[in-house]
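There are two complexes below, and they share subunit A, which is joined by subunit B in the first and by subunit C in the second.
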Partner chain A sequence: MKPIFLLRLLVIAGFIGFVEALCRIGIIDNFTMPPPSRIAADLARALASGKFNGPIRATLLNAALAFCLAVTVGITAAVVIHRLAALRTSLDPFFATYYAVPVLAFYPLLIILFGLGSAPKVIIAFMLGVVAVIVNTLNGLDRVPRVLLKSARMARMGWFATATQITLPSAAPFVLTGVKFAVAYALIGIIGSEFIMSTDGIGFEIAFAYNNFDNATMYPLIVLVMIISIIVNMLLSIWEKQLLERRGLR
Partner chain B sequence: MPHDTNKVHVSLRHVTKTFRRAGGGQDVHALGPIDLDLKRGEFFAVVGPSGCGKSTLLEVLAGLTPVTDGTVVFEDQPIHGNVPDGVGVVFQEDACFPWMTVSDNIAFGLRQAGIPAAETARRVAAALELMGLGQFARSHPAQLSGGMRQRVCIARTLVLQPRLILLDEPFGALDQQTRLLMGEEVLRLWRETGATIFLITHALDEAAMLADRIGVMSARPGRLLEIVETGWAPDRDSTIVETPEFGQVTARLWQWLRVESMKSVGRMDRR
Partner chain C sequence: MSLTRIEILGPILVSVALLAIWQCAYWLIGDIALRSPGQTVRFAGELLSRPTFWPHLVETAKAFVAALAIASLLGLTIGLLLGLGKTAGDVFEPMLIALYSIPKVTLYPILLLSFGLGLSAKIAFGALHGFIPVALFTMNAARNVRPIFLKTGRVMKLSRWDVVRKIVFPAALPEIFTGLRVGFSLTMIGTVLGEMFASQRGLGYLLMNAIGLHHVDVIMAVTLMLVLFAAVISFALLAIDRHLHKRF
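Our next item is the complex of A and B:
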């Protein structure tokens, strides 16, 4: 475990060093991209100045809201759909083709309907994530061993208690896969929408800096987005590892 | 002697089970017709060829599967696919909840039944001790061997103190020595609790050693071909296997089963 971690760190450090060298030698000119060391310094300065606190908060709050909605609605919907075989059959083709539709295309329509506030962005991010949660949760619910359901019946549990205490915990590794998608889609949905049309958020700031050739702002913010998603994913991986280890699946 | 073995505890009359295949497939006639009375406090074992409907019979008794025809009466109340109070099952498959610790698994039924926490803790501790799982109270099932997981499932059922205990090949995952010891343990529990035990097993010697009566089932659809009475004293233990009577009981069981098992294997070949 430890050596692999070191190796990964080395690969990343090597890559950054390589880009740094390219920038310094002049193969990548500074108008295209400043060297990583300068981006880091710019980022540190920008964060210290506090001028991006507002946009960062806006993006993270909206992403968190969309994520929570996608997970709660997705899991609830999956439990209901799982119980109703007919609904399941009619929805399956819809789920199968869902991600062929670029949800972001609905963004202008949502702005017309809800105005240029948080709502359209949250709806986009929610729509992106919710179906991944539903599909993965359904997949997990399908795999709950029958004997666990029989045990629940022996304990005379109702359907709600069975869902919350038996089937969902049993399906947890699959639900978690859906949750990981929901996190990624929440960030993509919010930042993507901010990019297209918005009045605040990290995505808006990146687009604004881009339009003004402000590399000293644009690159640090891009790096910030990367750092945020890496941190979130690492936290989820730790949780997943615990969960799988406990079940002897890893 | 705690056993009043004359009163009928469970009675099956003309019980039949046919699984309907959805989508126009062949129906499976799994069981019956079966007529059987389990007496209160008796130890009844069932042997039969693979796939003959033993587990189906157990699920009918547990109220997990409604019968297609016939009646099941438990403590004077009809059962028809509803789980009655006072019945405990240990399933053939591993039924441990992998996300719960061993302790929480054992406490599960007690908590669902709303037993006070102190009483739950007391019974769980006793069960851990009894099953030799004390050191593993805080482990998760994935960290245990198959036999230990089965012991968790047995403990989970016993702590509920059921009056009718249904065991579906509970020692299937255990080695021969542990099997014998667990068998003695079950005998002791049976004597102490006075519960009625219905045990499915594929080991003829196990049935012969543990049970008062042994039902021999036919190949599918499972019917009762014969009920063999062992006539053992209630305070028996595994030393009974040394007696000539034990040999006679197993020999009788094998006589009946040899033909039936060949039938069931022959049917598998033709499929």
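Our next item is the complex of A and C:
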């Protein structure tokens, strides 16, 4: 595992070095992209000055809100749908094609309905994430061992107690896969809608900088967004792997 | 493939329920921000008969088709290369997954600066979304080709290209098709998304332009068209996909 990791770092470092060289030689001119070293320096300066603390907080708060909504609604809906077989058969084709629909195309309609505030952004991010949570939770509920459910019946547990104490913990690794998607989609939804049309947030700042040809702000922010989402996704992947390994599933 | 009654009736009932919710929302909120399903369909028909609408549709279609072609070719090539070379696959797989889960919208300004404001930036952005699933699915499919097939190829002294063309590709076809299906959806999302930011033509531009003008009709009709197009095609692709997976 170690040499692979090293090789990956080498590839990334080589890529960054290559871009740096292209920028320095002038094949990529500075109006298009400043050299990576300068982007890093600009990013450090921007973060130290604190002028982006507000937008970063706005983006992360909205993403957290959308994420919490998607997870609570998604898990609750999955538990209900799992109990109603007919409803599940009816909804399955919709789940299967859901992610083919460009959800962000609903953003203009939501702006008209709710105004240009946090609400349409949170709804978009929620809509992106909730179905992934539902589908993965259903998948996990399908795999709960029969014997656990029988034990629950023998202990005369009600359906709520069975759900919270038996089925959901048993389905946890699969639910976590859904949760992981919900995190990624919350960030994509919020930053995407901020970018298209908004009044605050990191996505808005990037769009604003683009419109003002302000590369010294735009590139550091793009890099910041990528770093934040890659770190969040990596942490969740590690947690998911540990959970699956403990169950002997991988 | 025989469907039970609930498998046919259920989805129809859900669709009717969705339409009913839409209609009720219209009665509740009114003309300021919504249109009824009937009005939206009628206006969509009217839009389609307007000559000024067609250039936008054609622009989006052109960008989408070009992006899809690039995404498929690029995805297949990368996927086969990474799937057949073990080390390369191990090195690049997490990078592809990371690229898949970051908000790619933020990369759009970079594409705009490199390609200029116009069709090619949109194509590049659509392809950027679409190639990742194609590459990931193709890579996994190429890795999972049964070793005995590859050994047979080696025994028959097939060239590397023939191994790919006559063994890996047919054996991996169902999985590759799944990748292309997901790639189709993501390419469309990318293309529309690109048009919604800094564009002068296309359906995405129409949507954004209509916010400022408060043209609720346009917003609802265009959204409906996009959603229906994506859903119908993806439904058809899903049917083919299931058929392919069953055959093998």
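One rule holds in what follows: the second predicted complex is superposed on the first by the 245 of 250 C-alpha atoms of A that agree within 3 Å, B and C clash if a C-alpha of one lies under 4 Å from a C-alpha of the other, contacts with A are read in each partner's own complex, and residues count from 1 in each chain.
Going forward, a contact is a pair of C-beta atoms (placed from the backbone, for glycine too) under 8 Å apart; a residue touches a chain by one contact, two chains touch by 3 or more.
A quick note: this is a predicted structure, and the numbers were derived from the prediction, not measured.
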Q. Is A:V130 contacted by the first partner subunit B, the second partner subunit C, both or neither?
A. neither
Q) Hey, is it subunit B or subunit C that touches more of subunit A? A) C
Q.
Touch test for A:R247: subunit B only (first), subunit C only (second), both, or neither?
A. first
Q.
Let me test your reading of the model: by the given contact rule, A:M33 touches which partner, first (subunit B), second (subunit C), both or neither?
A. second
Q: Kindly classify A:A182 by the partners it touches after superposition: subunit B alone (first), subunit C alone (second), both, or neither?
A: neither
Q) With the two structures laid over each other on chain A, which partner does A:A58 touch: subunit B (first), subunit C (second), both, or neither? A) neither
(Q) Contacts for A:P145 in the overlay, against subunit B (first) and subunit C (second): which applies, first, second, both or neither? (A) first
Q. Residues on subunit A in contact with subunit B in one complex and with subunit C in the other?
A. none
Q. Okay, in this complex, where on subunit B does subunit A touch?
A. 59, 62, 64, 83, 87-89, 91-95, 97-99, 108-109, 112-113, 140, 142-143
(Q) Taking the touch rule as given, give the residues of subunit C at its contact with subunit A in the complex, in rising order. (A) 4, 6-7, 9-11, 13-14, 29, 33-34, 87, 90-92, 94-95, 98, 101-110, 112-114, 182, 184-185, 188-189, 192-193, 196-198, 204, 207-208, 210-211, 214, 216, 219-220, 222-223, 226-227, 230-231, 233-235, 238
Q. What residues on subunit A touch subunit C, complex-wise?
A. 4, 7-8, 11-12, 31-33, 86-87, 89-91, 93-94, 96-97, 99-109, 111-113, 184, 187-188, 191-192, 195-197, 202-203, 206-207, 209-211, 218-219, 221-222, 225-226, 229-230, 233-234
Q: Mind listing the subunit A positions that touch subunit B in their complex?
A: 145-148, 150-151, 153-157, 161, 166, 169-170, 172, 246-249
